[in-house]
Amino acid sequence: MLHIVNKSPLTSNTLESCLNTATGGDILLIEVGVYAVTRGTAVEAKLRAAMGKFRVHVLMPDLDARGLGDRLVEGVLPVDYAGFVELAASNKTCQSWL
Amino acid sequence: MKFGIVVNEGPYQHQASDSAYLFTKAAIENGHEVWRVFFYHDGVNNASKLTEPPQDDRHIVNRWSKLAEEHKVDLVVCVAAALRRGIKDENLAQGFRISGLGQLVESGIKCDRLVTFGD
Amino acid sequence: MSEVKKFMFVNRKAPYGTIYALESLEVVLITAAFDQDVSLMFLDDGVYQLKKGQQTKGIETKNFSPAYRALEDYDVEKLYVDKESMDARGLTEEDFLVSVTVLSRAEMGALMDEQDVVLSF
Amino acid sequence: MKFGIVVNEGPYQHQASDSAYLFTKAAIENGHEVWRVFFYHDGVNNASKLTEPPQDDRHIVNRWSKLAEEHKVDLVVCVAAALRRGIKDENLAQGFRISGLGQLVESGIKCDRLVTFGD
Amino acid sequence: MLHIVNKSPLTSNTLESCLNTATGGDILLIEVGVYAVTRGTAVEAKLRAAMGKFRVHVLMPDLDARGLGDRLVEGVLPVDYAGFVELAASNKTCQSWL
Amino acid sequence: MSEVKKFMFVNRKAPYGTIYALESLEVVLITAAFDQDVSLMFLDDGVYQLKKGQQTKGIETKNFSPAYRALEDYDVEKLYVDKESMDARGLTEEDFLVSVTVLSRAEMGALMDEQDVVLSF
């Protein structure tokens, strides 16, 4: 199952709710959600812990737009829109954590 | 693979419509079918033909219309949501059609994958 | 329609602040009318949707909460509430308009994995 | 006291427009003046005369129009935001007028209090 | 100064940001923000601590709509729309924490 | 215009996800054109608006961040950033497009109290 998160982890509980609920699989950060995978934030430790359980991906066009493409936490998997499509295709279902 | 897309937010205010468009375009370019895009809630505002963004900005409505024309994507606007927000046949952009929520459920049934973009 | 899929509606938002809770109910009823397998999940602020005693006269908006009671008339009976979300909001099962199944986060996650279609509100 | 109101969200999707309306009504009933309501961002969608909510729902657009008529409230729609979202003179509801962002700044200068409703 | 908060304290950091920034005065909870002043939530202790520094008000029509009018934390000051208007009038400025 | 008021623009949202950051800049410039006293406050996710190196080609949206550099041409020079928000996001002053004054939350709150008009984005 693919979980898509588009909210900032620093102002919303959405990513946390997703991490606490989902059983594993793929998580993709898009839009404002991409800040979760940058180095040095207050949620970095939480993200690193989650990476043991989930494959964490980030939509690079969204991270580049925010000027943080060079600050990706190691181990996070960068994708472009084609990669996003492939993630959606390779998982049976897709849940957008709106 | 057959995709259904859901768009919950209007143009310009929130990135959702941009993300949905770029996803749809990438899906088609990579050999998938996008069977239907369902515009729901404020998403119906993507269908206004009166939209006129600044010259140096993207034209979100026209992008959807062009996609529909070139790739036969079915752009469906939720009728109840549209009436609440003043989207009707008289201001409906090319390539969009107005129909009921059943079309969203049908997307869920007929498509291999349903991907939602919203707030 | 012969094809039956498992549809899950994930409700994470409080009522009235935004239209999502109301619209979720609309789609649930239509999905049931299409004879699909329907489940509702209430998580985070979504659990507030089920609170008894909503009185909306003062905000001049329609109180749609009685519709949750009508769900069983449409054979929609799988309502799941996240225990952690309920506890964090000081709510108990007695606060709810309808009877629900209370699950842990892990059980909610496992249920999500079984679905064919997940719609978020 | 002279109030200015700002509405950032469209009708029905978010409670902001309802709250702004009820605040405005209460201010007038309590002897204050509401000098201007400025509709900004998706708030411009409050001005669509094509809006047609279900019979048992409140009519958010007509409520604003009625308030403007009865109490001479100046309802101003931000022109740039309106063009981006397809609100123009041809679909503008009664009592609203389209103008520039300067009208918002003027509200800040001329009014004793500015209260914003949004998301 | 009047601070208006319309976000749920359980899913957003808005109330916390307001409490940490504002120097004192009046806080009014409206819309989804009203859940902050109900008994038994995970943020009740934080709210009670803030009540030493701020006068905390709640818009009752919004709390009643959500079926929680009978669960107000003691000491929180209930207002109707007329009371909201008076709060806005009696403070020099008004900041909506959107 | 002879009347001068202190306008503060409170920016709490990240750029591109929503239109608010862009619109905030528009109103700031117009307020400056009205010869008002203008301050900008960047708080919570709003501090991300000032990040250097934004490249928006991949999302097909205009990069409006160079406009922050143009603010001083309009005599808009009071830009305040909350230290706590900056630290929580792993950002330092060197990350910003423009020079700013970094303040504590308490200092930000005191500054708010001095204003005549506060606009939130």
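Chains here go by letter, A, B, C, D, E and F, matching the order in which they are written, and residues are numbered from 1 within each.
Everything below uses one rule, namely that a residue touches a chain if its C-beta (ideal position, glycine included) is under 8 Å from a C-beta of that chain, and two chains touch if they have at least 3 such contacts.
The structure presented is a predicted model; accordingly, all values stated were derived computationally and were not measured.
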If a chain touches chain B and chain C alike, it appears here: A, D
Fewest touching-chain hops separating chain D from chain E: 1
Chain separated most widely from chain E, comparing mean CA positions: B
A-C or B-F, whichever has more C-beta pairs in contact: A-C
Per Cα centroids, the chain farthest from chain C: F
Shared interface numbering between chain D and chain B [over half = same, under half = different]: same
Approximate Å spacing (C-alpha centroids) for the pair chain A, chain F: 27
Interchain centroid distance [CA atoms averaged], chain E/chain F, Å: 26
Centre-of-Cα separation between chain D and chain C, whole angstrom: 33
Where chain C touches two or more other chains, by residue: 12, 16-17, 19, 44, 59, 61, 116-118, 120
Overlap residues in chain D, where contacts from two or more other chains coincide: 12-13, 15, 19, 22, 41, 57, 80, 114, 116, 118
Junction residues of chain E, two or more chains touched: 6, 10-11, 13, 17, 31-32, 61, 80, 93-94, 96, 98
Which pairs of chains touch, using the document's own definition: A-B, A-C, A-E, A-F, B-C, B-D, B-F, C-D, C-E, D-E, D-F, E-F
Contacting residues of chain A [partner chain F, same complex]: 6, 8, 10-11, 31-32, 35, 38-42, 44, 60-62, 64-71, 80
Chain F to chain A touching residues, read off their complex: 12, 14-17, 44-45, 48, 51-59, 61, 63, 65, 87-91
Chain A-facing residues of chain E, complex: 10-14, 17
Touching residues (chain side chain E, partner chain F) in the complex: 1, 13, 17, 20-23, 92-98
Contact set on chain D toward chain C in their complex: 12-15, 18-19, 22, 56-58
